[in-house]
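Shared chain: subunit A. Partners: subunit B in the first complex, subunit C in the second.
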Partner chain A sequence: MMSSLLPFSIFFIGAGLALFTKGILRAAIMLAIPIVGAINLYMTPADAASNVTLLGYQLDLLRVDKLSLLFGYLFHLAAFLGIIFSLHVEDRVQHVAGLVYAGSALGAVFAGDFITLFIFWELLAVSSVFLILARRTERSYGAAMRYLLIQVGSGVIMLAGIGLYAMATGSTTIKQIGLQNWDQGFAGMASWLLLLAIGIKACFPLLHNWLTDAYPEATPTGTVFLSAFTTKVAIYTLARTFAGTELLVYIGAGMAMFPIFFAVIENDLRRVLAYSLINQVGFMVVGIGIGTSLAVNGAVSHAFNDVIFKGLLFMSMGAVLYRTGKINGSELGGLYKSMPWTTGFCMVGAASISAFPLFSGFVSKSMVMVAALEEHHSAVWLALLFASAGVFHHAGIKIPYFAFFAHDSGLRPKEAPINMLVAMGLAAAICIFNGSYPWLLYSMLPYPVDYQPYTAAHVLTQSQLLFFSALAFVWLQLRGLYPPELPGINIDAEWFYRRALPAIGHWGRNAAAAVYNEWLGLRGAVVRGANAGLYRLHGPDGVFGRTWPTGRMAFWTTVMLGAYVLTSYF
Partner chain B sequence: MSSLQEHLPILQILVPLFGAILTAFTRSGTTAWAIAAVSSAISPFISAALLIKVTTTGQPISYVMGPWAAPWGIEYRVDLLNGFILLLVSLIGLVSIPYARKSVAQEIDSHKQSWFYTMYLLCLTGLLGICITGDAFNAFVFLEVSSLSTYTLIALGRQRRALVSAYQYLVMGTIGATFYIIGVGLIYIVTGTLNFVDLAARIGPAMPELSRPIIAALAFMTVGISLKLALFPLHVWLPNAYAFAPSFATAFLAGTATKVAIYLLLRIFYTFFSNAIPFYSLPISEFLLVLSLAAMFVASFTAIFEENAKRMLAYSSVAQIGYITLGIALANKIGLAGSLVHMFNHAIMKTALFFALGAMVYRTGVARMSSLSGIGRKMPITTAAFVVAGLGLIGVPGTAGFISKWYLAMGAIEHGWIWLVFLIVLSSLLAVVYVGRFIEIAYFREPSSDIADSHEPPLSMLAPLIALAAATIYLGFDTRLTGGVARQIADFLLSGVVLGGTQ
Partner chain C sequence: MAQNHHAPDDGKTHMFDKPENVARVRYALYALCAISVVAELFIHRHVDHPWEVIPFFYCIYGFAACVILVLIAKEMRKVLMRDEDYYDE
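Let's look at the complex of A and B:
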């Protein structure tokens, strides 16, 4: 039977322990959980299985193969980094919620059937909302409630899809289902519902608002957890069920492109990162959509690297927020003087997300792009190329520049706490390691890898893309040692980018901003209108909320009887 | 021992009834409580013994009063359906009684406490009686016993508005009971019998000639009972009754009274009318469907905007009753099972919620949402239990509520109504909002001045609460009692076998 523990159970037990301990003891327990979990996972035999029966269905709680193992190790690693990063926080709610959240992600990854997946899918939603609520502001409350509604909504759509799928096929095992036509009855409907449910969690365009709405409102440490798990569980599920679905290629290309416009005009730096998170997930969706072994390998390895470098970027911004209480680009600047380590780590993350050679983004993102070319998706390849340049602008330059350099805001916060630095340092080391020596990561991928990232052609392709920008950026980095000259250099770089992307940059950005503002206005008006209407009807003074006089109750009883008798006779 | 076993059905009624008589003669609240505790503790054992006997033999238990044989005399008859409900009601009585002592001692004047327990025991007697009897008129008598004692329980609330609420409920409850008895009268004229089994046999042959009175009888009974079970829009008495009754009475009634009314509705639909008029040929299933959906949405929205936490939970009850009647309206095996499962689960969860809220009121004296802000820091265990039961209400996987909604959703799919699955899900999202609102207020706001020096309630109140919260989780994983039994019940209700077995 079971020679090892179920991966999620270790986190759940740990959450229970963290609930009743505090201080050093809790810190020790929390640090031990991912370590024990990883050892346990390593000891888990390849044929391990664990079945329970619920509602007459066999639940398969432990499906071990290369794909689930890779995500399993990734989530242990991400949890470990997140826990270190949040060790200084004395907030029981956040610690417990973070552990349950990470455990739920593991449960979802090792789920062998849809019902188990659904259970953890909902647990992910419910546990993660506490990380947003824990910010304890009016804004975060609103964002958390919207987030929870959409996440639970995704779960119930999934449940409907699972129900139909079970009726159509008589099985709830997770396997490749692919998209089918509506007219194929339950099976067709099930496939669309499941894609929609996964799409919400994976932030497909127009389904993405929850992420950019809620993640920037979470606590400094909470966002680090949030960025690691929810979307990656969705990507994992997508890879399990919809690999090779062509529609995903175009959805993914859209996802990679549209956030760039918003990221450029956004001032809240954590929201910029939220947009770039969607952009990176877009690359993964393209990879899954292409579905060749190279593309899926690329998508999966990019998911791995993204968790680390996006986590690193969120950590560095979290450290800034923690120390200064500010996160808007316009209010920050010059922080490198007093937070040099954070600055350095942030730059490693920025280089990784921009896919500089020798940094982790390079070895995985290029796999997806090469796969797109191999399958003759030239337009998609161009879209991804454009997206790569965009990433470099908003995540590679904008984030470190506005936070740490730019005009000096006069803020001189202390360097981040030691635990934050350790977490960022580890993440940065992994980014560089995976970028320089990708073979360990490649060996864990679901398909055998015969891909060479460091061929002259690949390096040249990336260099062509980044040529002028890289030059400017490296120059900036080098000259960054000389603070007085910094602002001018950056304006050059900014100006260059706007010149390089003339039409799309300006027109697209303005159009996007205009459309987005219209949409916000319209949505606001609809929501306000609906809310007022609901309140009029259902509020304490509304017809459904107030106390009726006895006579009116009796009157309605008679009406019911009359209506009922009449309809019965005819 | 064997003779005692034979008399179990009547003992189920006699134990609380004698308890009520004894408490009426006592002066001290503590003595009265002790008597109530003993009666409440014995009841679940009797119910469990009855249910086990029914499940093992597969035959209903029939018990006849005195020398009058079944169709003429009053018969008590226990089958799977009412065995299940009997167990539910007496279990809620059992977990409630430890909670009662402190809560009642604080909220009721000491010279009225023994009367309070008398009324509680009479109410328990009435509810168990409705379940166990096999006679339509006898059910009416027990309905009145439970209703009259309920009015008194509500009127004993601390605020003066409790009197108005009790009065409104009295008027509405009486209308409901009158409708029921009019229906019983009509079928008695048609068939000449009041015994459920006998009715089932005679009503079918009588149908071709006398269809009009039979249909009218069904209409009167349905609407009358709908009032008692608070089906939308006949629910308007419920929020105030729950809000102003003493905390203990609210918790007990929320778990039992409406469930027993639903049982009576099922009994009427499926045991004797189904022989005359198949369920699906009536407009009743459309009626129930529309009203259930209206309840699920309208009452949930009202709960979202409600400022008084007790009324919020009361409106949530109306919405949850909507789920139960929805399962009845689906009228297929799995939907009906979902309805029965949700009866049980909702009783557990809502009683837990009212216990938790009652404990907060016990310590703070307030039930307004705004006054309860930050209560999670002052009463962490109580609030945590509230949250667990609240998650159950939403239907989060791993809680009892998920099991109910799963059955209901599968029932809707089996009917081919995919849109209904969406509506079920959508209305669950409304529960997310009102439960989420309480969580936010309880945990993420600074404690208000009203609750400054409050702390956890006494163990006697905490223990039942924790037990119910644990049951909410447990029933989310072990579905043998709820799902297993419910499916058997749904099987025999739909198979048309009279009262679960041959005569």
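Let's look at the complex of A and C:
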């Protein structure tokens, strides 16, 4: 018996309507979808359930509790802001993909069983890839294909994990799993496979590179959608299934730490934000790993705040990219002169991610930090404090400074379009509201909140940390020690599948070809001549050979994913 | 890179075109740092982590963390940096 609609269905129906409409009508439909969806969610009774049977499996499409409701409202809010931000875009592909993508995220967080989760997990991948493809450049095409392979691969690993899990427990219900030992048989293997699948989407270190590869290549509006959903679905799933897994504390600390170094030297400002996205997700992973009610509350509330302030930062950089066609720090600067509103909104986002008092990061990140101390993770706490100073440095200062101030680039673009300004203004207002009045957010958290963010000591210590981080920036600049923004890229884990593996494959094939040629050489000129002809057509530079790099990449990515699976067995 | 004076501003000067305004922002930051240092003398911050007993721990840690971060990142650049079309060939 259903008295309300399934949350994802509203977005899917809306996507269908957006497909066949345009102009004002499509804009009105798109704006109405998250509003109708949020009202529907509000009217959904606490005991609502929806079960369907597919291929003999019972699918639980609607599990309502505080955790799923919080993410449900968050995703409606994020979709609403993203839709406003992209209203000026005349691109059916992006609008439809954005709606399906947001709907898939809702489907995933309300899923009560793993098979439903798997379906939406894969839908997230195949819908969001269009937001990258829609940039319609050669580089975005390559990034989109790599993104799709890795995302779909995550789903395949998840499916393997689900199969083993069902064999071990006789159930596919989503509940706490926790990491189990290898010698636990299927249950042990299932737990590692599921953690790996979630870890890919959550950007665990070395599994993270799809995000910093693909997000900066998406359209100016597409990246705003991308930043909201995929990693947060992973965080939600992790909180459901692996809360209190100690390994996550160290993985999360690593995630909070390593990206800030890359962010400092990265020139593409949206890629800087992509690294800082991983850094913030690291705090959430630590919170889930600690697993106490304070820590999980911290992780979840920080996920909420991060979607808004990271969305705001991606919006401000999206506006810069839209107006100037440039996004490299080395080519920007001085834009405050002609884009003052965008500058101001960006600085609100910067203050929020840096966790300044009265801004949203201040009331959520600290819960994870306090929980780390309470559970005696002394070194992890120091790492998180380092990461807190670091995030202010690269996201709080670097982003606004190199885009809007620094040396004058001479660019005088128009202020962002009105719809972009409205979306940024709303996001900025939410950042300040949640930071100044956290109690509404706290009331939605899964556990009762017994935490007071605004103590004199907390305000003092956080202010000291941030002021002296800023002082360090000024000092480094004045001394000429600060690394200038330079054109160029920095190699990361992706080097292994974009360079090393293809090179090995290339070398192997050349070696084989050489041996083969030697052998053929014994057989006279006629055969050798024929072979040369073949090589001309099919060799690395041949007509047929030109399609190899893509196929080669697909092949080696598959091999690598297979290797992941194997290494998680042994 | 186009320079400031070629910018099409119709003779209009902006806030940070004047070096004294940039200096004012710096002085404001120095003042905030000083205030936060002085405030520690009056606000009791309780100690949960052994390092927090160090006076002005958060000031020192924040400054040192950022300097170390930047210096390490600069060294990383020597190893990791490539041309923009490195993967494009």
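Throughout what follows, the second predicted complex is superposed on the first by the 467 of 570 C-alpha atoms of A that agree within 3 Å, B and C clash if a C-alpha of one lies under 4 Å from a C-alpha of the other, contacts with A are read in each partner's own complex, and residues count from 1 in each chain.
Following the convention adopted for this analysis, contacts are C-beta pairs under 8 Å (C-beta built on N, C-alpha and C of every residue); 3 or more make two chains touch, one makes a residue touch a chain.
Note that the structure is predicted; figures quoted are calculated from it, not measured.
Asker: Let me test your reading of the model: by the given contact rule, A:344 touches which partner, first (subunit B), second (subunit C), both or neither?
Answerer: neither
Asker: For A:139, is the partner it touches subunit B (first), subunit C (second), both, or none of the two (neither)?
Answerer: In the superposed model, A:139 contacts subunit C only, not subunit B.
Asker: Between subunit B (first) and subunit C (second), which does A:425 come into contact with in this model arrangement: first, second, both, or neither?
Answerer: neither
Asker: Does the superposition put A:244 against subunit B (first), subunit C (second), both, or neither?
Answerer: After superposing on A, A:244 lies clear of both subunit B and subunit C.
Asker: In the superposed arrangement, does A:378 touch subunit B (first), subunit C (second), both or neither?
Answerer: second
Asker: Going by the contact rule set out at the top, does A:410 touch subunit B (first), subunit C (second), both, or neither?
Answerer: Touch status of A:410: second partner only.
Asker: Which partner does A:334 reach: the first (subunit B), the second (subunit C), both, or neither?
Answerer: second
Asker: Same subunit A residues contacting subunit B and subunit C, which ones?
Answerer: none
Asker: Hey, which residues of subunit C end up touching subunit A in the complex?
Answerer: Residue list for subunit C touching subunit A: 1-4, 6-9, 14-16, 26, 29-30, 32-33, 36-37, 39-40, 43-46, 48-51, 56, 58-67, 69-74, 76-77, 80-84, 86-88.
Asker: For a test of understanding, state which residues of subunit B touch subunit A in their complex under the given definition.
Answerer: Residue positions touching the partner: 167-168, 171-172, 175-176, 179, 212, 215-216, 218-220, 222-223, 226-227, 233-234, 236-237, 239-240, 282-284, 287, 298-299, 301-302, 304-307, 391, 394, 396-398, 403, 406, 409-410, 413, 418, 421-422, 425-426, 428-429, 432-433, 436-437, 439-440, 443-445, 477, 479, 483.
Asker: Within their complex, state which residues of subunit A touch subunit C.
Answerer: Touching subunit C: residues 138-139, 142, 260-262, 264-265, 331, 334, 336-337, 370, 373-374, 378, 381-382, 385-386, 389-390, 393, 405, 407-412, 456-457, 460-476, 481-483, 486-492, 498-499 of subunit A.
Asker: Under the touch definition given earlier, write down the residues of subunit A that touch subunit B in their complex.
Answerer: Residue positions touching the partner: 54-55, 93, 118-119, 122-123, 126, 129, 133-134, 136, 141, 144-145, 148-149, 152-153, 156-157, 159-160, 163-164, 167, 189, 534-535, 537-540, 542, 544-545, 547-548, 550, 552-554, 556-557, 560-561, 564-565, 567-569.
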